[in-house]
Amino acid sequence: MLRRTLLSAVGATAAMLALSGVAMAQETVKIGLILPMTGPFASTGRQIEAAAKLYMQQKGDTVAGKKIQLIVKDDTGTADVTKRLAQELIVNDKIAVMAGFGLTPLALAPAPLATQAKVPEVVMAAATSTITEASPFIVRTSFTLPQATVPMADWAAQNGLKKVATLVSDYGPGIDAEKAFTAAFTAKGGQVENLRVPLANPDFSPFLQKVADAKPDALFVFVPSGIGAQFMKQFVERGLDKSGIKLIGPGDVTDDDLLNNMGDVALGAITTQHYSADHDSAENKAFVEAFKKANNGMRPNFMAVGGYDGMHLIYEGLKKTNGEGGQALVDAMKGMSWTSPRGPVSIDPQTRDIVQNIYVRKVERKNGELYNVEFATIPNVKDPVKAAKSN
Amino acid sequence: MQSTTAETVRTGLSRRGRWGLGEIAFWLVAAATLFFLPERHLILNEIAIIGLFALSLDLILGYAGIVSLGHAAFFGLGAYVAGILAKNGITDPLAGLVVAAIASAILGFVTSFLVLRGSDLTKLMVTLGVALVLGELANQMSWLTGGADGLQGISMGPILGLFEFDIFGTVAYAYSLVVTFVLFVLARRIVVSPFGLSLRSIRDNPLRARAVGIPVNRRLVAVYTLAAAYAGVAGGLLAQTTQFVSLDVLAFHRSADVMLVLVIGGVGYLYGGLIGAVVFKVLQDVLSAWTPQYWQFWIGLILVLLVLAGRERLTDKARFAVKRFFGRFKAQRTDAMPTTSAREI
Amino acid sequence: MLTILFDGIAYGMLLFVLACGLAVTLGLMNFVNLAHGAFAMAGGYVTAVLMNRFGVPFLLTLPLAFAVPAIIGLVLERTLYKQLYARSHLDQVLFSIGLVFMAVAAVDYTMGSQQQMIQIPTWLQGRVEILGIQVGLYRSFIIAVCGVLVVALQFVLTRTRFGSRLRAAVDDPRVARGLGINVSVIFATTFAVGSGLAGLGGALGAEILGLDPTFPLKFMIYFLIVVTVGGTTSITGPFLGSLLLGIADVAGKYYVPSLGAFVIYTLMIVVLVLRPQGLFARAR
Amino acid sequence: MAPALETRGLVKRFGGLVATDDVTFKLEQGARHALIGPNGAGKTTFINLLTGVLTPTSGQILLEGEDITRLRPELRVQRGLARTFQINQLFPAMTPLETLGLAVSERMGGGRDWWRVIGSKREIVDEIVEIAQRFRLTDVLDERTSNLAYGKQRLLEIAVAFACRPRVLLLDEPAAGVPEAERHELLATVAALPRDVSVLLIEHDMDLVFSFADRISVLVNGALFTEGTVEEVSSDPRVRAVYLGESVDE
């Protein structure tokens, strides 16, 4: 037993040395990228990591004369691990910025650390509206669910849909989406019926049957992107598409990463979101092409673009501050605007949340592959929740 | 003759109660890390907490033979109780731990009656079910628990009104280590007591244990409740030192991980959980730094090899090594004093 | 109402196809194989790869979805599993969880972490109306396959020489050996068939449940629930158990959606507390 | 004085099968009483009823005049009814010392003691020493039970029951399976059990029965067939018929 103890002590020391060894070089700026790389949300982590690495590969690893080092950590999707990793990165590796954060609790857990240690936290994926309020050091480059949802409600109301059923996964973001949609849609005189599905739920049939019974004009759906495909299949299998129920929702269900494999069941789904791999711009074409090339043909999705823009924001911020982190970096990020693969975006100086175009898209077949094809644009959308608060 | 037998009996019965050199060394090393590994205090804090959690599983698995795949139920409840208390203004850490322990103990007591019957498999599934139901409850009661967003806004007061938690995790680690140590000493005391001996006898042979007059079910209820309280404290420590609670404190992988930790360290000698926690966490840290995506493969491989090599045999070997180590020490001592003992007789 | 019943039955049947291999290894060989889901995943991936990369029609992939996991199962049984028959349930649990971790990481490495999609043939898509209820074709297909499986398994186990030998081998391997039964061949065959059934279940279930590297972990709990609730002494036990759970789950979620997630777990706890051997097990 | 152990009209049915058929039986104080019967006569069921593993369908069990019919098994042990098992039921991972220590401390109510180390009580130590000597276990006290020779395990089996300081001791085939070389030691210890313990011996081995018992009851098909002194029973031709017919199998 003693031997085991000694062995493990030696192991710990070795690990420590390995980590602290690299911390010596002077002129490096370190970015801690904390992502779920294993577990059910691993694909989120992969997309963001791939995008971040692509960005560094394209723009080089030197900014303002300083070397940029990216440290990727796997938090397994567990919030207390995220927090510990963030703390270790801050304390031991002296990172200038932390970034990543695949899910809402994972983004919220290290928020107090960001405040305490004055380390900017760039949220590249998590989408609950309140996240940026948890610390003045949080900046977001993904989106907020209400931001993607409220335009959906507007579009639905304008296009003659009267009665909509909502079906969301029973957890934070799902409930957010449900609330945002319901509020916006009823405000425009629509009728809404709410359904919630447990997060771990392999079979949607009882819920879809309820929808079939209710006979709405459209079904608004939000489920985490991995489950979206099953949902679509079961939706079609039940014949709901043929009975004239439109499928609408924020873009998570028609995630670009999976869309092409979903097959014809996805055709015709109408979603609103900030990014489609099909977005028609030179920046996006270059991005998609480079991303696919670097990742064995994998198509970038909205997570990837969040990671790519997050890196851009960090790079540009560091350029402004000459490599300085902390409050100066956050201040530099505020109000910054640029043209992203998704279109024009900017960081709202008040809320530190992203302001971006939201596109209304329809799934169509294009050159043999399925894409979310954009057909309407709602420019410069702010997070409606925070916008409502400030008014 | 009479007195030598009596001596054998006395030493034989209290041997387990005595602290060995290796044990003292273990805790000295642990204490030394407080000063010598300052940049590792965060992971050490996690190790201490998982170690305590695994220790609590050892109490029921190693000493009473109850298998559980739902031990996270108690861990998670403790975490939420401590977190919710702190969020609502009761920020004293120790008070929080006590309440967390009591809450988990109550849950342990109530659910213990579910695991008295049935095969190992039944017990695995019932404990698992309890944890799943609790996890779902926590998700549904988001007004209290924060649901899937996690419980935010926990701010802890200083420990004993003196020590504020710092960003380096030093106070947190010291706090967790001290709590773990105190509870370890208590557990160690309990397992060498007549009560602890009766638990081991139940694990070995419940039929005979009954025939010796041991109220088997009552003892099992007692130890299950105790282990639940321990797990609750571990959960409370996690909530207080990370100042955040999310649904995954109740998740299945918590229960599975703690089982792995305990098994890696070895079941049934209390140190298994602690050693397992060190090995598991360091391995996970090193492996996941090396290959963030695929580190689970290696953990899996280690587990498979461990079982194939004969998990219990390895633990026995470790125990034997410890024994031999002490044996040598004791033998030296007795060798040194043969004249005195001869004269006494 | 009838539609809900139909959906419940289909869901239960799907659970059964996935879990019946486990019912065989656990119930008959008394081996807790948590890696069961990994074999199911293997079957699912066989089908997905064959269909998406090589354009093999869905139905033709099914025999391979059975065969490949069966062969993997056979190899693993001969090399690893057989050493663990005499060990405690805890050892078996740990060993097979280790295998699951390895399988998850290995599939992730080779196939990527994203969902795999398959396209079922058009004649299985859509719905028809039978006796006034809307019936999904694919679900009916699953029910049919499952029905055939139950009958076949029940027949093999109770009516054939192999079945009686298997039961003898399980009851007392020593005596069985004394009677000239080659116990290790019987166990290996049974294990391979169990794994193959899992693979078939994975292939059939991929359409409804989805398929990604975390499949074995995500659905492990469901398999175990089905088998423990149904009881492990027969094939009919898990069959009835999965029907019960499928119907209860679907009906529960339809009628009381707010409690939907609790139904299946609560049902399991209640059943196991009242009948630790499972609902449909004969007392041993 | 009330009999040490008494049953009145004891019946146990399993479905249609009557395993114990209206048994009224007395074990006198200090008796050396043997219960014999062919295989399947219901001896094991009878013992399980006495110790509380099974509950009787009807009838009463009295320990020193006190009704214990519905008492939980461990409480019967605490009132002084201990047993040994036909197949060893020991604690393989514990030492004989710990096993005896456990039994003695449980009897003294120490099992609820969470705090003290078991070896700290003088009276426990003294009693273990006494039992170890009585059952010739002193030289193996510190071995792992699973490593003991079979004869020693058998002795420990009786010693554990004895450590419960029973008023009534039920010995279920104590010599079963013990090799010839170790047999003598075992029989001698059994013969030397103190007279204030009443013993009910369940046995097939007639030599042991004749050398040990002063009364014999014969159980056939769950019912008491006959009862009497050793001479009466051994000369009873009906017993010989019933018994010899079966004993070939033994």
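By letter and in written order, the chains are A, B, C and D; residue numbering begins at 1 in each of them.
Basically, a contact is a pair of C-beta atoms (placed from the backbone, for glycine too) under 8 Å apart; a residue touches a chain by one contact, two chains touch by 3 or more.
Not measured: the values here are computed from a predicted model.
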| item | value |
| --- | --- |
| Innermost chain, where centres are averages of C-alpha coordinates | B |
| Most widely separated chain from chain D, with each centre as the mean of CA atoms | A |
| Separation of mean Cα positions, chain D and chain A [Å, integer] | 72 |
| Distance between the centres, which are taken as Cα means, of chain D and chain C, whole angstrom | 49 |
| Separation of chain B from chain C, taking each centre as the mean of its C-alpha atoms, in whole Å | 35 |
| Geometric centre distance via CA averages, chain D-chain B, whole Å | 40 |
| Touching two or more other chains - residues of chain A | 38-39, 42, 46, 170, 198 |
| Multi-partner residues of chain B (at least 2 other chains) | 136, 139-140, 253, 293-296 |
| Contacts with two or more other chains, residues of chain D listed in rising order | none |
| Chains touching one another, given as label pairs in label order | A-B, A-C, B-C, B-D |
| Complex interface listing, chain B residues touching chain A | 21-22, 25-26, 29, 33, 37, 39-40, 42-43, 45-46, 136, 139-140, 142, 147-150, 152, 167-169, 238, 242-244, 246-249, 251, 253, 271, 275, 278-279, 282-283, 285-286, 288-289, 292-296, 318-319, 321-322, 325 |
| Complex contact set, residues of chain D against chain B | 51, 72-75, 77-78, 82-83, 85, 89-95, 97-99, 101-103, 105-107, 110-120, 124-126, 128-129, 132-133, 138, 141-142, 160-161, 163-164 |
| Sites on chain C touched by chain B in the complex | 26, 32, 80, 83-84, 87-91, 93-95, 97-106, 108-109, 217, 221, 224-225, 228, 232, 258, 261-262, 265-266, 268-269, 272-273, 276-277 |
| Interface residues, chain C side, partner chain A - complex | 3-4, 7, 10-11, 14, 52, 105, 108, 112-117, 119, 125-127, 134, 136, 138-139, 207-210, 212-214, 218-219, 222, 249-254, 257-258, 260-261 |
| Complex contact set, residues of chain A against chain C | 38-40, 42-43, 46, 170, 195-198, 200-203, 205-207, 209-210, 226-227, 229-230, 233-234, 236-239, 257-258, 261-263, 298 |
